[in-house]
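Take a look at the structures below.
One chain, chain A, links the two complexes that follow: it is found with chain B in the first and with chain C in the second.
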Partner chain A sequence: MDEIKRLVWKGTLNVQIEIDKSLIIATDNNKSLYVNIRIPRETYISLFTESILRGVKDHLRKDLSEIITNVWFESDGKLLLWNIPIGALYDITSNLRIESMDSISDKDTFIQIWKIKLVYGKEFPAMHIPIINGDSQIQKYWMHQWKQSCFILNGSSKRVMSLHMNDTQLFWNSVLNRTPDSFEQISSKVIPKSPRNIPVVLHTKGQTDSLYHPVVPNVNNEGKNTTLRRLLDDFCDYNKFENGTVVSQGICLPLDLDLHFLYSVFFSCDGFLHLTITYSQDFTHDKGC
Partner chain B sequence: MSRIITSESDTDNDTDSSRSSTLSQSSHSSSLRDGNRQLSVIDYSPSITMERKLEHYTRKLSQVGLGEKEDSSVSSDSELISSNHQVLLDDEESLEKVQIKFIPIGSISSMVPSVFKISQGQPFSMILAFLTKKLKIQYVHCYINNSFAPSPQQKIGDLWKQFKVNDELIVSYCGSVAFG
Partner chain C sequence: MLSLEEYKTQLSQLYQSKVFQARSDCITFNFSTIIFTIYFKANNRILDATGASVVILRIEYSEIYREPTLYIQLQHEFTDVSGLLVTKLCIVPDMGVILPKPVQSIFVIEPEQCDGAIWWCFHQCNTKYIIGDNQSYKDTYLERWVSSYIYSWV
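Entry: the complex of A and B
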């Protein structure tokens, strides 16, 4: 179990970000400008906005401070909500999934890249939460997500609200600085051994703006632990789901898995278990699973 | 020689998926601006057929003209109805209304009456917009059960089901940060 958690924590994405042409000083060849970075799955994409723009600051038309509050990310023209961990965003939007590295002939040199776009505009797209106060706004949002997940797990947010100030900062720093021990140490103070309910967010493949927060009891009325199949029975159009898949942390999940177990190994940096449902009609694009 | 696979693959998207994406975008109702936030009510149902969508869309468009009248009856009916935010959610359940109880924190004005009804499919940002309009203030901070501020994109129905107390979602509000 610790090994799975370690692998989840270490998961990264190779991202190629195309900078909006309206931000770049025009040149003769009018070529697009790209930034290639590797981003941990368990983080928010907007934490990287400043460093991305700093990487191309010599090519920007305006000062970075004038731009930074008016940018967002898109994938194939669809808004990427910064307030969802980037790994979940990738699972929702990407059509590529590799079944096994063994199936790749040139696996030593194989690189999978997610192409997204950094867009600038004065009018924000619907569903986007503008970032006015930089990382501190993201930190506050993240803290409230943890309070909400704590409420779902324990029936109150007391465990998060009573965290020492130092622990709270250490917790956030563990996300920023990628220190798994601190994250594990503080999150274990919040997550009980036997939770009341499991904090789950259901996403639909291809729909970046579709979020569903179902009520998922850890133990159902029959005294049995809730499984992924049961969750789908209760909340999805099962006929449509037939042959579909559920993905978390980039992995196709067996439906007979206990959700509590699933949460304990796959929960995201915001305290929620993000599950992406691919319905059968979309399955042809996701043959890798 | 290294091989690079990218996720940007127009050919991967078949016509069905691109069509459903267009529908989803076209079904966005008018955007709602709340201070720094701009959100819209969206269609969350992935299973809707095109026919049902068009039918519903036509019905909702016909309601736009009645919007202003509905808005004027908000306070008298104790029902939270937005003239600008059409509900284009096709799932009938999302049109059902749930009770929200507003509790002021500190010196901010009280809402009279304190209990309102709102459609389950509306995003939480709708409540923020409603409060700023009603209380005539620029910003408002809202908390569920005096504990946390949910994402403005989260559906009110989901919050109600998860955190209701006596069939009411308790929303505390304040002019400044109350629970940081």
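Entry: the complex of A and C
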């Protein structure tokens, strides 16, 4: 189990970000400008906005400070919600999955790259939470997510609200600085051994602006642990789901898995288990998994 | 805490009492069994602090916290190039400025996605401590919630 958690924590994405042309000083060849970056799956993409823009600052029409509050990210023209961990965003949007290593013809050189766009505008997309207080706003949002997941797990947010200030900062720093030991140490103070409910966020494949927080008991009325199949029975259109898939952390999940076990190994940096559901009609276009 | 059924009953009573609709600063309202949305003219404190002329309150139910939840949006009105009066979402760095100083530390207000738009949510994790969770006063839970979460600043 610890090995799975370690692999989840270390998961990264190769991301190529195209910079909005309206931000770039015009040149004769009018070429697009890209930034290539490797981003941990378990973090928020907007924590990287400043470093992305700094990487191209010599090509920008305006000063960084004039731009940074008015940008967001898109994939194929669809808004990427920065408040969802980037690994989950990738699972929602990307069709770049492989069936097995055998399906790759050249194992030595195969690299998956997620191509997204950094967009600049004065009017925000309707679902974009404006970031006007920089990383501290992202930290506040993240902390509230943990209060919510703590409430779902324990029936109260006390375990988060009573964390020492040093622990709270250490917890956030563990996400920023990628220190798994601190993250594990403090998250274990919040997550009980036998939770009341499991904090789950359901996403639908291809729908970047759709997220649903069901209340899912760890143990149901019949005294049985909730499985992934039971979750789908209760909260999804099972007729549409036939032959569909559920993905978390980039991995297709067997439906008989115990949800509590799944949570304990795959929960995200925000304290939630993010599950992406691909319904059967989408599956014909996306068999790779 | 309230069950969904208790919340629906008390929200319906709140709507029927017309406490919001009868106010002179109420512009308009919408009501469904679980959501009550009211548009108010912004008071001077809110206008001075944010420039917003309209305050929209949206009372909803949180299934996670099993609590009433208050979402707000601020809008400012202006006349566009075609001469039409239009409204635009007002984004302020700290929504706490809309509250009178004595209650600023009680509520945490943060933006989040709700029903396809951005609303500022009064966080619910300490609601039962603010309202009091005594079973014998359960019938007036929403009334007391409105008193704390809305009348303390609107």
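Quick notes
What we mean here is this: the second predicted complex is superposed on the first by the 288 of 289 C-alpha atoms of A that agree within 3 Å, B and C clash if a C-alpha of one lies under 4 Å from a C-alpha of the other, contacts with A are read in each partner's own complex, and residues count from 1 in each chain.
Operating definition for what follows: a contact is a pair of C-beta atoms (placed from the backbone, for glycine too) under 8 Å apart; a residue touches a chain by one contact, two chains touch by 3 or more.
Just so it is clear, the structure is predicted and the values come from calculations on it, not from any experiment.
When the two complexes are overlaid on chain A, chain B and chain C occupy overlapping space and clash.
By the touch criterion defined above, A:Ile86 lies against neither chain B nor chain C after alignment on the C-alpha atoms of chain A. Shared-chain residue A:Ile129: touches chain B and chain C both.
By the document's definition of touching, both partners, chain B and chain C, reach A:Ser157.
Once the two complexes are laid over each other on the shared chain, residue contacts for A:Ile111 go to chain B alone; chain C is not touched. In the superposition on chain A, contact of A:Asp209 is made with both chain B and chain C. In the superposed model, A:Ile198 lies in contact with neither chain B nor chain C. Shared contact residues of chain A with chain B and chain C: 81, 83, 124, 126-130, 132, 140-141, 144, 147-148, 151-152, 157, 161, 209, 211, 213, 215. Note for the complex: chain A touches chain B at residues 16, 75-76, 78, 81, 83, 90, 93-96, 106, 109-115, 124-130, 132, 140-141, 143-145, 147-148, 151-152, 156-157, 161, 197, 204, 206-207, 209-215, 237, 240, 279, 281-282, 284-285. The part of chain B that touches chain A in the complex is made up of residues 1-10, 12-14, 16-17, 20-21, 24, 28, 31, 36-40, 42, 44, 46-47, 144-145, 147-155, 158-159, 161-163, 179-180.
The touching residues of chain A, counted against chain C in their complex, run 81, 83, 124, 126-130, 132-133, 140-141, 144, 147-148, 151-152, 157, 161, 209, 211, 213, 215. For chain C in complex with chain A, the touching residues are 63-65, 91, 93-94, 108, 110-113, 116-118, 123, 125-126.
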